[in-house]
Amino acid sequence: MDIIEGVIGFIALLMVFRIFLTRSRARKLLYLCCLSFCISALIALYVKSPMGGIVAIIYFISSTLTSNAIAYTIEQVKDIE
Amino acid sequence: MEILLIVSGVCCILGGLGVILHTNPINKIIMLGLLNVGLIGMIVSSYYLDIAIISSICEPISTIILLLGYMKYLTTLKKKKKYGRDLPILSK
Amino acid sequence: MEYIEYLLYLGYVLLIIGTIGAIVGPKSNDRFIRLLNTEVATFGVCFIFLAYDEALALMTLIAVNAILCLILVRAIILNAEYEEETDTKIK
Amino acid sequence: MEILDIIKLIIAGIICWINFVLIDTYFGLPEKPGVLGAKTIGEKIKEIGGNLNGGYFMGNIVCSPDASAGTLLASIMNYLMGVKGGLIAALLVWIGNRLCADPGYAGTIGALTITLIIYLLHPIIGAKYFVGGMILAIFSIQGFEHKYASILLGKIAKKMNRGE
């Protein structure tokens, strides 16, 4: 096993457990952003070809779009609730 | 086993349990994003790269539809409750 | 364990969790929460398609699921508005 | 052999951390929330005892791909394609920035800077170590402990006259 993949995988597993256990909504988004970095790096290290890089870039940008929409909705809903 | 398979499997199991166990809808939508991370990891680990691109483009569309629908639904519920409280005062 | 068996058992587990959660999950009286619980079963079907190498069916299911969300959410909102109208009319 | 790999990984992590924190602070991320979602994250960080400007910094990283995303994606494309991969990554990061309603200077300049650094250092430290180093750098800010990280980012922002 390569040492770089081992370090990235350990950080990703830690982030998954912290997302599941945290109560606050805004802090879950921060951990989700870190998990998205880890998965994007793991995809590029698993598929060793330029197409894997394109997949990693498109996945990261759409994940950021999702986080943006969720944070906007938390700000809007806070007044109504 | 490969390291991507292990991370994706843990994401799927914890995401599926999290969607059921949380009760606030925004928490449920965040956990649905976690489940989608596991799906994309599994698709990539069996080398279907084109389907991975389609899946990661379709994820924000579905999430935005659910979030807009939740805001409209919440507004409707709250308006109904306030309207029902105001009505007897108006009728007197 | 082989790769295909790992994928297949994961799909079955998600399908069973999603179906039971949609019936007797916590606070499943609300219609929106029940819709979100049903999404888990959809991902289980995705994994089973992936295990049997049905690439075209997987792509079609993912694309149709986004449109299906739109229709169901619209139906839930219309139903809530309709119930509000009938309540006021009865009073 | 193992020791040498770990030392290279840590050095690459320190270089990536300095790169993206300096570029993001110079383009004024800690001053104001760029999009509406970053405001609620900053207020939540302040509520648990952190700094407000550091909270805006972390919120802006979550809500749009800035120099941190540029550093990671450019080092991935450098590992896979060589130098011309870095230029492709800079173009795609600019498109992603425009989708999230940002001006998009920080991401592009971060991607070009890390391409230059990898081109200068590649006989000593390969491009593969920068991918792992960027994960360590983002883990130390977003994942480890939010309170002390925001206080540290607030001090750096105050020293460079951005914010307060």
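As written, the chains take the letters A, B, C and D, and residue 1 is the first residue of each chain.
Please note the rule applied: a residue touches a chain if its C-beta (ideal position, glycine included) is under 8 Å from a C-beta of that chain, and two chains touch if they have at least 3 such contacts.
On a predicted model such as this, the values are computed, not experimentally measured, just so you know.
Peer 1: Please name the chain that ends up farthest from chain A once chain centres are defined by their CA atoms averaged.
Peer 2: Chain centre farthest from chain A's centre: C.
Peer 1: Using mean CA coordinates as chain centres, what's the chain C-chain D distance in Å?
Peer 2: Comparing mean C-alpha positions, chain D is 36 Å from chain C.
Peer 1: Between chain A and chain B, tell me the centre distance in angstrom, where each centre is the average of that chain's C-alpha atoms.
Peer 2: 15
Peer 1: Mind checking the centre-to-centre distance between chain B and chain C? Centres are C-alpha means, answer in whole Å.
Peer 2: Using C-alpha averages as centres, the distance is 10 Å.
Peer 1: Please set out, as single numbers or ranges, the residues of chain B touching at least two other chains.
Peer 2: 17, 29, 70
Peer 1: Chain D: which residues touch two or more other chains?
Peer 2: Residues of chain D touching two or more partner chains: there are none.
Peer 1: Among the residues of chain C, which are close enough to touch at least two other chains?
Peer 2: Counting only residues that touch two or more other chains, chain C contributes none.
Peer 1: Just spell out which pairs of chains touch, all of them.
Peer 2: A-B, A-D, B-C
Peer 1: Can you list the chain B residues touching chain C in their complex?
Peer 2: Chain B residues touching chain C: 5, 9, 12-13, 16-17, 19-21, 23, 25, 28-29, 32, 35-36, 39, 42-43, 46, 48, 51, 54-55, 58, 61-62, 65-66, 69-70, 72-73, 76-77, 79-80, 83-84, 87.
Peer 1: Looking at the complex, which residues from chain A come into contact with chain D?
Peer 2: 3-4, 7-8, 11, 14-15, 18, 24, 26-27, 29-31, 33-34, 37-38, 40-41, 44-45, 48-50, 52-53, 56-57, 60-61, 64-65, 67-68, 70-72, 74-75, 78
Peer 1: Which stretch or stretches of chain A touch chain B in the complex?
Peer 2: 1, 5-6, 8-9, 12-13, 16-17, 19-20, 25, 28-29, 32, 35-36, 38-39, 42-43, 46-47, 51-52, 54-55, 58-59, 62-63, 65-66, 69-70, 73-74, 76-77, 80-81
Peer 1: Would you tell me which residues of chain B are touching chain A in their complex?
Peer 2: The touching residues are 2-4, 6-7, 10-11, 14, 17-18, 24, 26-27, 29-30, 33-34, 37, 40-41, 44-45, 47, 49, 52-53, 56-57, 59-60, 63-64, 67, 70-71, 74-75, 78.
Peer 1: Which stretch or stretches of chain D touch chain A in the complex?
Peer 2: Contacts found on chain D: 2, 5-6, 9, 35-41, 44-45, 58-59, 61-65, 68-69, 72-73, 76-77, 79-81, 85, 89, 92-93, 95-96, 99-100, 128-129, 131-132, 134-136, 138-139, 142-143, 146.
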